[in-house]
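What follows is a single structure, written as structure tokens, with notes after it.
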């Protein structure tokens, strides 16, 4: 038997060495396949700018930019959490109901007392962790598919909301509402800073912590991860807790914005499906394992820009839906083509 | 080849296979039938009239649209995709029918034909985008949901217009009258059984086997000669056409409404999963999926009779769905 | 070699769906020992290893490590106790890089942050240890060839500093040349006092490497032997329970050869350059080469599974350009893929559905009923000596060898004129292997043109009427049947380009 | 928006005192007295039903009930005599009632020569979006007046307050906000009156002890709660037997199923009370399909229900939630920009449709989900713009 030096044996070898250098760069600089997302975002901004200008409006005004930043916060925060579970190969359809519930509980716990603000936030965060834990346990221990598990959780939370609240729940303190909901530093709204902070934290978690590595691993293949000795259940539960926490933060933010909690703010906001759309628009694969929060932020901005253009052009809600649907499908189709070419 | 050493001991004649296949299918998906039976019995205890032919047929009649949708959802799910657009497609059917028929009975049949074509075209678009253009079907059909909802109301100016004719409505509302004992056999129940039987035959036929193999392992199916894209597109077309049928029945049953289809896509998928269909493809039986839909409808009835406060109804429903799916998963695991 | 007992498994029982697969297996492993486990497909070797690795909990029986009773409820627990395992199936994440795969679930952290540098440094060291220089820690696994992936798997198990290392058919995916590298590594670990459990169907390797051999049959231990005191003949007899007559079926006679069935000229793809050859009816043409030399690529291109850049494929004298495998199937081609789980089988479907999958795509059921010579599922099972509970059993519950028989049946049913076998006996036991060899030869005798890719040179030499050798995407030469291994390796490694 | 709706979650009240109803505690099940019930509001609304409104009799959309405090609007008088830019932040356009109103509003704006531009921004039922929309209107500095149809009572308050702080006049209609800073708030009488109108009809017609089925859209929505609590007391007092209170989700098929279930269980029903009319026709069909006579029923001013009522001779009543308030919003805005005074709270009449006046409301040529209290017949473009022929 001849021993072969593998370094000279195949064409693939040389190619691999070259690819490795590229890979190093890619891993280092652009950890996620986010580049096309931002390409699309820039394209849409340019298009929007042209269309709005032709229509006789102004697009890149301060007011408009503030409006877009502000409008991206709620969807943005929850989409960050959704990114984590989708990367994991799961998804969460209960976020909308949880957003409503946390806005209500926030308002209820604050009860108009400034001293209650911090305890209220802690209570609501604990509640979010509990819901995430429940989702995770249902998925891992009861082995219910995430789609059904979180759909069921959405029903459960919906029932709790209906049973517990008959309408908006007041009680958010003036100061809290002002601080988080309305303060602005120049063009940057305070809430946008919250979004940015959450984004950085989750980006860091995914990129640099064990938990983040494991999320990608489990998303790549749960079986392989498990057989490799990874405690997959813990990772799945952890990711669902993170996702629920972002939903809860969104709920707290919306409570500050509305100065009240409402039973409908989550579902009417469509945060369940829209957050998934934003994540996929951001180039994260629904099958898990590929993508990241940077792309998601791009996806959220795309939706925010669209929203803003719709307002400027006074589209009615039906035209908006049609355009949104087309943009979502078209963008993802373009990513898919790129992916195919690369492969 | 030596035939003395036949290891294939369990292989009987092909005729026996049929029976075996049926039994093994029943065993692996049995949970849903047990659950369905329990619910029927329980409902009958709460309300004895339920077991009488009239009321029971009324229950079947009201379940028919969801059962048909579940069959459609099954084809798509088992091939490894999602169809979230069926709910809005149902709405489109009713709104388009009302606007085009405007109460004229003579327009009914052409319009029904048109509706089926619309269903097929939408299904084809879903399938084409999801396969040839490689957009994940979750996103394709989510986008389609938005497009359909927007487009139909854009066309009608926000609210349904026109009216459905009586003969259009009779499909979902009436049936064959004067049958002894059961009085009326609703068309929708007949249609439901016909579609059920056709679906079973389809899944047993080459198409069905190729479809489920595609959902199980696309690469293997392709390398065996299966035209996986075509098979999947067909599944979407079936889903679209069945959504059209469900829309026709629902329009007939309930009349014109802007939101007949709301949330039906989730109900249909839930029904399938209750019936043991595995999201991601490759596993599950169409009969069980349809039984899942009957179970879901029975569950709604049960919740009603149980007098659970309207507010907590959703909560109970969520718990039961999770519980049932969890139990089925446990049984499957235990049985492995 | 020390005599200290490292691992003791006693009375291990395990059932699936109420069917018992292991009936009380006893096994022990000493430190610094290489203990081979052999047995037919489906004997329960992998299942036994999985009970050791914490994947399956045994229904009964005890596992002791260093005399301490252990019970693992999760693979992580087994790892912690010093058990490392390379599974029979690939167990890597294609989207993650080599370092991430090796340290999956055990990423080194500093102050809560994953220490990427350390991870990569250690990976580089581990790769260096096995002499692997063709890729580095940051290469995504997706880009690696099968052989390179196997190296990663072994390095991954090694990185655990396991005291017990299980290798479940580690060489199944390796070409002969690359096996030696693995052996060197295993022997080095042995010196370090690691106990190795080594599963293989290649008896030659077993004899070359092991200290003791345990034969498992139908879920029970037949016998444990000292390698030095036994021979292949005895081993095969113990495994199969009968004498195997000749190792390879007789070659076809010259006048059995018919017309040219498959003619490939100037075939080029992304990986191939100007490949030309032909296969006649009744002929078995072997295709040799190292991993990644482009053998599978030829098969896929001919079959219409991958696009062709240039060149022509002629079937029975007619030029064809298949855009989809279905057209190839219609034209009478069959393709037994090398990776049966990923490309050969719909694992959740029944045996009968898998067997009929290909024929269904080209022949409507009405026509099937009227076509003579089509076998029933039962007949297919008989012909291939399939061991299964019945036609409705899901193929994922079959052992690897029996799965392969299902794949073969799928193509037999289409009555092909040309069959391409890619690693037809990978991971298949000696008994079944002989059966498959007989089958291939019988098909050739019946006029099928066979193209057989194999990394196992004895098989290739024993079976082929002619042998083509690939080197870096080019056809390096052709040898007659019965050529010697060194002749083939020279061409395959490119060290004797002129030789042909 | 009560009335028509598919999305009751987003409905909130046009009640006179939204502050009082907005944040009451958890709602209770049927049976107990709702914590929503505010006796004073109830009494007031019931009295307002019989009050004679001020204003032209043939233009109910210009009428006002007990106008009370009038606001001096000279500070808002527009500098320009015309070419005003009126901005409208709409909660949503997601149900026929709103759709119908939106068309009327646009037509009235087009019909007002002083209004040069009428800008509509649709919040798609999202509170958060509507807040941003209003902020953008204020900061954009291009609006001469801002009309707001809030998505939810309490939650739009901060945004409305912000808008009030600018010099731009703010007009609120339909659902309220928990602040009185807008120049005027336009709404019909309210939910108690709606519920009571329907309940009194059943009380007057169904014999004592008769079986009544109450159909509601969803639990836990304040405006719907007021409709139900407005009715419940009347049923109790009259000794009617409410055999069930069920939630339909505004879904016709579900409504039909529920009614058929009750017919099976109870044999017959003597009356059906509904808190909104969207599924009234489906409800009556359940009786037809069961081969029973349709008993005394209540609905709303949707054309399909009125048509069926007339054609099949139903014994029915249709309380309304006046759709013409959309038109009033523009009229009020015009007045304000001209510096004319408007009432602080502009309460519109809320007629009920009965057997006597049914003929005047049925419009055979209008679509099924056209609202009889449109108040749009004299606007240019009628009936085509509203989907009629």
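First chain written, first letter: the chains are A, B, C and D, and each begins at residue 1.
We adopt the following convention: contacts are C-beta pairs under 8 Å (C-beta built on N, C-alpha and C of every residue); 3 or more make two chains touch, one makes a residue touch a chain.
Since the model is a prediction, treat every value here as computed from it, not as a measurement.
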Revision key, fill the gap. Shared touching partners of subunit B and subunit C are A
Revision key, fill the gap. In terms of CA centroids, furthest away from subunit D sits chain C
Study note, to complete from the structure: Rounded to the nearest Å, the gap separating the Cα centres of subunit C and subunit D is 73
Check your understanding: Using the average of all C-alpha atoms in each chain as its centre, how far is it in Å between subunit A and subunit B?
Key -> 31
Check your understanding: Counting in whole Å, what is the centre-to-centre distance of subunit A and subunit D, each centre being its mean C-alpha position?
Key -> 37
Review point. What is the distance in Å between the mean C-alpha positions of subunit A and subunit C?
Key: 42
Study note, to complete from the structure: Two or more other chains are touched by the subunit B residues 158, 309-311, 313
Point to revise | Shared-contact residues (touching 2 or more other chains) in subunit D | key: 27, 93, 218-220
Point to revise | In subunit A, residues with contacts to at least two other chains | key: 162-163, 316-318, 320
Study note, to complete from the structure: Which chains touch? The pairs are A-B, A-C, A-D, B-C, B-D
Review point. For subunit D, which residues are in contact with subunit B within the complex?
Key: 6, 27, 29, 93, 95-96, 99-100, 102-103, 216, 218-220, 245-247, 250-253, 255-258, 260-261, 264-265, 278-279, 281-282, 285, 289, 304, 367-369, 387
**Study point:** Touching residues (chain side subunit B, partner subunit C) in the complex
**Key:** 1-3, 5-14, 17, 20-21, 24, 205-206, 209-210, 212-213, 216-217, 219-227, 282-283, 335-336
Review point. What does subunit D use to touch subunit A in their complex?
Key: 7, 9-10, 12, 21-24, 26-27, 36, 92-94, 119-122, 124-129, 131-133, 135-136, 139-140, 151-158, 162, 178, 218-222, 225
Revision key, fill the gap. Touching subunit B in the complex, subunit C uses residues 16-17, 303, 305, 324-326, 328-330, 335, 337, 342-350, 352-354, 356-358, 360-362, 364-365, 376-378, 381-383, 385-393, 410, 435, 438-439, 442
Study note, to complete from the structure: The answer for subunit B against subunit A in the complex is residues 84, 129, 133-136, 138-140, 142-147, 149-151, 153-154, 158, 266, 269-270, 273, 278-279, 309-319, 321-322, 325-326, 329-330, 333
